[in-house]
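Following: one structure in structure tokens, then a few remarks.
Per-chain residue numbering starts at 1, and chain names A, B and C are given in the order in which the chains are listed.
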Amino acid sequence: MFSNFFQYILSGTATTVSVTLVALPLGLMVALAFSLAYVYGRTPIPAVIGLYSTLMRGVPPIVLLFILYFVVSGSVNLSPFWAGSLSLGIISSAYQLEILRGAILSVSGGQMMAARAIGMSRWRAVRYIVLPQALRLAIPGWSNEASIVLKDSSLVYALGVTEILRRAQQLSATTQNPFLAYSAAALIYFLLVFATNRLLDWIARRTRIPAHF
Amino acid sequence: MAGPILEVRAITKKYGKNIVFQDISTTVNEGETVVVIGPSGTGKSTLLRCINLLTRVDRGQIYLDGREITAPGTDEDEVRQHIGMVFQNFLLFNHLTALDNVQIGLRRVKGMPPETAYQKAMAELERVGLADRAGHYPGQLSGGQQQRVAIARALAMDPRIMLFDEPTSALDPELIGEVLEVMRKLALEGMTMLVVTHEMGFAREVADRIIFMEGGRIVEEGPPEIMFGAPQNARTREFLWKITELYGKHEGQGRGNPG
Amino acid sequence: MSNWLQLFINSLPGFLDGARVTLELTAIGLGLGFVLGLLAALGRAYGPPWANALSVSYIELFRGTPLLVQLFLIYYGLPGLGVTIDRFPAAFLALGLNSGAYQAEYLRGALQAIGEGQMMAGRAIGMSRWKTVRFIILPQALRLVLPAWSNEPIALMKATAVVFLIAVPELMSKAKSIAARTYDPIGAYLGAALVYLVMIFILAEGIKRLDRRVRIPGFGDAEAQHGV
């Protein structure tokens, strides 16, 4: 019985991981485009992106999730899984934007000037000089955001997606042992967050620039 | 007498209402080493940045090899390939090894094949005495070594002229000599150079001409013998006296061998 | 747009009711979290091995799992062990425990910045360990922690929104019932978002002022660290 119990919750784990693996890269791509536009864009663009970031980060993720869910599922026919994952990705983009913007600003300036001085175009300088350094610099902040997205993926429970928490709830009903069911869910989350952090630490170590930062 | 490589005609630069300099004109001929001196905030760095098109002039023209580079529609990226720039704080690309710092312009700007770029970059590192440090990252090099890599990075693009903005000001006294040594060698090899520096020993020995700037104007220019021996302007005299007091001290001990 | 405005105005009393509960949840969660966080940080830095182990486990477990899971474990899980708990206490407890783990980490950073030297100096003039903590370490740490800590009230206010899932009648919960009543979920949740934005903006402004007031000149930059 006990192993069945775990197996049942583990099947929700696949969903949780999938939600995260959709939301996080989506958020990263949006954030990357927006952070570059913020730092290098012309007059109204930085202000617009700054407003986007402030508004998105000034509202609880669960509230945004509901708004985006109803907007998205009202215009395209998407399953709760996809609507929820995409919405979480958009929410995360505002936080990832702040991380990347800070990183780009802290390498830009001198490095950009030196790259332009040897005749690189703006775009090449971003591509070959600024971004390789900024992305490395962003890893600690970004890995923090990765575990936040992993934990926030539990919010799609509220949309009826059968991720870990929903599985735990179903189990607590069938087994009449809610404490055990939710403890198991907590344990799985804990292990996932732990593994994510280890993995990103490892990436940070692998990509470290010798004797720098 | 070789012809002009760089010609600056009555350029003016403003930041908002603040006029950094006004009506600056000068010419640098092929193979010449021109040293620019002057007090802080006079616009020496800004002048170099204008020449390298890193910032735009408000009035006047700049010519490189007889071609106006301040004309509208000029391909600035292409122009900068022909003008080498060495910064006070080195500005090596932190994520690249010494070799890759020198190579990246060859690969990504000139589009050289990897093997050719490698050979060329190694030759440039050899030229500044750092071939044995090719695999080191900037953080693993001393300030003097970093600045020499920065010089090699600029040289690799085969510039028509090299601009130096106080290349030794950020260095510990004992590291200044190795950088000046490389610059002296370049001058002897016939490289055209425009150098902003407080190193009066270098100016006296290497410069063909010295320009004294103050308050956004060229106050006086001439060969070192005259500028150091019998400057016409009282301000020039005063400045040179002060600068020798301040910076002259370590010059003797600063001379070392490169590498 | 004017439809939405009408809906928003009609729902304003409900939103304000919910906002009051949101503020309560934030304040109590923050206070409880502060006490827990302080204990955990001190236990971790200066406590005996058992206190250290307990603090570390608490901090890691609550930072390593979602608040929602913690909330369900308390509200639905504890009764399974024979401990029944109402929704309000459950929400306070979950928010306090969760926030405490984060506040402990902020404090840890400050304690680390103060270093071993101050403890040694305190002991050297004959103070007990506890007295050194009380009179030497904490006065410095609490001042030092403020820039990092000032993110927490805002983060916690945003976090409170999930407790609508155990039917605590806060702002998000009100939005949900308005959505059900008006059949306009987007309008209802946008209304709630607006109220959150206003509250969080005011909170952020207040903290900014507080930071400026207690800032020691030339000692760290409090401004740069604000979330909003």
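By definition in this document, contacts are C-beta pairs under 8 Å (C-beta built on N, C-alpha and C of every residue); 3 or more make two chains touch, one makes a residue touch a chain.
In this text the structure is predicted, and so the values were computed from the model without any measurement.
Asks: Indicate, using Cα centroids, the chain positioned nearest the centre of all protein chains shown.
Replies: A
Asks: Could you tell me which chain lies farthest from subunit B when each chain's centre is the average position of its Cα atoms?
Replies: Result for max centroid distance from subunit B is chain C.
Asks: What whole-number Å value describes the gap between the mean CA coordinates of subunit A and subunit C?
Replies: Distance between chain centres: 21 Å.
Asks: Any idea how many Å lie between the Cα centroids of subunit A and subunit B?
Replies: Centres of subunit A and subunit B (C-alpha means) sit 45 Å apart.
Asks: Between subunit B and subunit C, what is the separation of their C-alpha centroids in Å?
Replies: Each chain reduced to its C-alpha mean, subunit B and subunit C end up 55 Å apart.
Asks: Give me the residues of subunit B that touch two or more other chains.
Replies: In subunit B, nothing touches at least two other chains.
Asks: Counting only residues that touch at least 2 other chains, which ones in subunit C make the list?
Replies: In subunit C, no residue touches at least two other chains, as defined above.
Asks: In their shared complex, at which residues does subunit C touch subunit A?
Replies: Listed in rising order, the residues of subunit C that touch subunit A are 60-61, 64-70, 72-73, 76-81, 157-162, 164-165, 172, 175, 185-186, 189-190, 192-193, 196-197, 200-201, 227-228.
Asks: Inside the complex, what are the residues of subunit A that reach subunit C?
Replies: Spelled out, the residues of subunit A in touch with subunit C are 54-55, 57-64, 66-67, 70-71, 74, 147, 151-152, 154-155, 157-158, 164-165, 168-169, 172, 176-183, 185-186, 189-190, 193-194.
Asks: Could you please specify the touching residues of subunit A with respect to subunit B in the complex?
Replies: Against subunit B, the touching part of subunit A is residues 107, 110-111, 113-121, 124, 128-129, 132-133, 136, 209-212.
Asks: Taking the touch rule as given, give the residues of subunit B at its contact with subunit A in the complex, in rising order.
Replies: Listed in rising order, the residues of subunit B that touch subunit A are 52, 54, 77-81, 83-85, 87, 89, 91-95, 104-105, 108-109, 137-140, 150, 153-154, 157.
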